[in-house]
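Per-chain numbering from 1; labels A, B and C assigned in written order.
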């Protein structure tokens, strides 16, 4: 199961490419996605452009080049490319071959997020960009972050597919209790989707974790986590902590502390990943100091994950024959990997040359 | 000759795994042997356990886990393994498949030494552990040491198989004289063993090397080295320095300064080695300052070896076609590598699937 | 076109190996050329010797050995090699097999330059060493320099084959103007040679670049560059800056500031290069401060190149299917690579075993 999805990328889908703030000052951002070097920039007209980050002449990095309007000039021999990738100037040469060009990629600026489509551009459909309503609602505020991982992106997705890992990895940080791993959810649910899954878990009458106490108090809470995990690696989770016993599970969320958390795993190579995240609080609780403090708690948790996940990659690379054994709580992980595998297979089948129609023997 | 023994490990034998002092405070020692990641620890009952250092669930390192009695809990998703490797708890799951387990390895705590058996556990025979009497005699004292080598373990064994390298590599440290390389041993011997060799060398009426002067004086000595080199990489040497002319070679070792030196080469990978050593003085000469000073002299010598040996590995890796040329003094090296090669071949033959018995044609 | 020349070296030719000053104090210089580890040294008699930098016994580096006259002693087991590579002493062994030897290489000390021949020694012809007259004329002075490149040597040669890259890479350092890339040479020439090319370019009535102002003034100049680029990677360029309008292009070079620049690309491996250079001024302008200041300007320029070229290597390695597209100004580069490819093919053909003469069928 693991082999295919770790070694072949899904291409016809939107990947999170960058935070919008990474492109301010017309920075030429060179970043590799799915093994392809890409230059992303916001041109002087304001449009965002993504193109192959290597000059078609001698392979120099265009991200080391110079923006001229919405064009890029390679600073090795001066070739100039327009936002469609077409070469529009070769210093010292009058005629430019019409196919002298670098590849471009569909790219969408979607509020704080920049999305890229690495597959067939004719299939890029803006309506397929994952909808994360809270990223567009000014009431919700967070600090968009980034980590570089030395691990396949699916090992990070695996981690997020089973939130009970929090009990062990984040006992004293994000979770607050080992008991979390043993207790059964009350009134929770698991829903298989075509492109991932939804999972909701309720834990009633619990001690709140340390980072919640920062914005509330230490009285018992009824706690929920509502996770959505989508292909190719889009994780979104609502975490709520309501005063115990008021009926939050039936809809009365008054006085609850609620967070919205999104995390995006975008493959850089088969062994490295761009990991983007934002953890948002609603307006009332989101004064700057609290936001920063929550960001730091989150980073503490991410550091705990990162050590484990990068070591997993080392272990898996060291012995390709090592077989992983599933447990019951891998339900989400297994479904997610299965869905992704189907999507990759479909994509591969569609891309394969069609067999000739059989010739009828008369 | 070199190819096989450098690229295939002997598995059914005891390897030095760790010093006992490395396991104090119930440290979870993660260390790779023969390419296999192993966790070694002394459980709370006192027993020493060696198990696969990767959880059978998702490959997380158990050495990053937590000791609970003599059990280990993986701190990724909380699976708990007993000292036989069996999984005895999966949080959130009632039934545990009976084959849910990690591999364990026979391991023996033998005084200061912890030995591990990487091959077929049913063949692990405690009586085959190399006997080093002085490691169990309180009159002999040293400081157990460890170095990590970026080189195949046999390049280190080669080094130890010809002690005349001391004349060149350790002229001013362990040896004290270049002449040592040219002089012939008087009354020495070389004995081929099934599992290695013994070599004794006598040098009469010589200036003592600097480290001997530390514990004695600079008067001429009759000097001997009695080496035993055993498969898979166990080196033991008695070095003695007796007052010149008193007949040490005939048994009168009164007033001699004597050291016992053991060195263990345990493969980590095909290109890296765990190198353990202890250099012991007898009680009288072994006050703490002298012991420390001897340790430092030894380390000086080991640094000299390490530079050469690690560079050899670089040279050999750079050109697989490079053929080494033997000289007369490679007698020990050649026998040791040949013995090891035979042992590996036997092991491989025994492990190969047996051909079916021929069916008698009637 | 690129594949062959990047992956197969031309062997029967002279490569720049070291600067003479690198061998003072009888330094044992260990350096790899064309993937072969070589020791170069000036023996106590004064002769320069190049031999395989690995002892034929156990592969230890002879550059870690000891010079004894013009011989080298390996400091692992004491084998001694004479300047022809023959082993002349094995401590503890009387008979030395006549073929016990390390390989030696033809080597020539040519003023400040040491040249080495990595191919068939019987073909090494001293008269084929590139002639650089200014390196032997005391009126011309510079500071011989060295840089180590993480890139194939031909990527550096490519760079030097099109000097208009100066307009973009060295706009504010060596070139002084972007216009340089667009302007056409007046009265220039391009000459194809069997072993490279010559290219002369004139630019009339231009602002001098910053490094020229250091030794002259900022009045307009008539500027020329006369490049010679030879197999396997020998670049030589005269750069002149004459007062504008006096007819330098017709031969009146009075008052001109002139530099001689040589650069040598010697492969260390397929992915790394020894890059030697010297930038010489004529005596009048070559006071020490000016020479140092020019050296620093040059290094600034080289740093600009190095970043681009090493990144090119990364890009090319990341995607072996990436196809480079030529432009008109690649004329020199294309010819140089073609000439080199022919030379390599000839060499390979000559080295291949001859087909048996056909047996005449009767």
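Worth pointing out:
Heads up, the rule we're going with is that a contact is a pair of C-beta atoms (placed from the backbone, for glycine too) under 8 Å apart; a residue touches a chain by one contact, two chains touch by 3 or more.
Quick caveat: nothing in here was measured; it's all calculated off a predicted structure.
Subunit A and subunit B carry the same sequence, and matching their CA atoms takes a turn of 120 degrees, rounded to a multiple of 5. Interface note: subunit A and subunit C, two copies of one sequence, contact each other through mostly non-matching residue numbers (shared numbers fall below half of all numbers used).
Averaged C-alpha coordinates put the centre of subunit A at 48 Å from the centre of subunit C. The residues of subunit A never reach two or more other chains; the list is empty.
Within the complex formed with subunit B, the subunit C residues making contact are 35-37, 54, 56-61, 64, 73-79, 90-93, 97, 100. Within the complex formed with subunit B, the residues of subunit A that make contact are 158, 162, 164-165, 167-169, 178, 181-182, 184, 307-308, 311-312, 315-316, 318-319, 322, 324-329.
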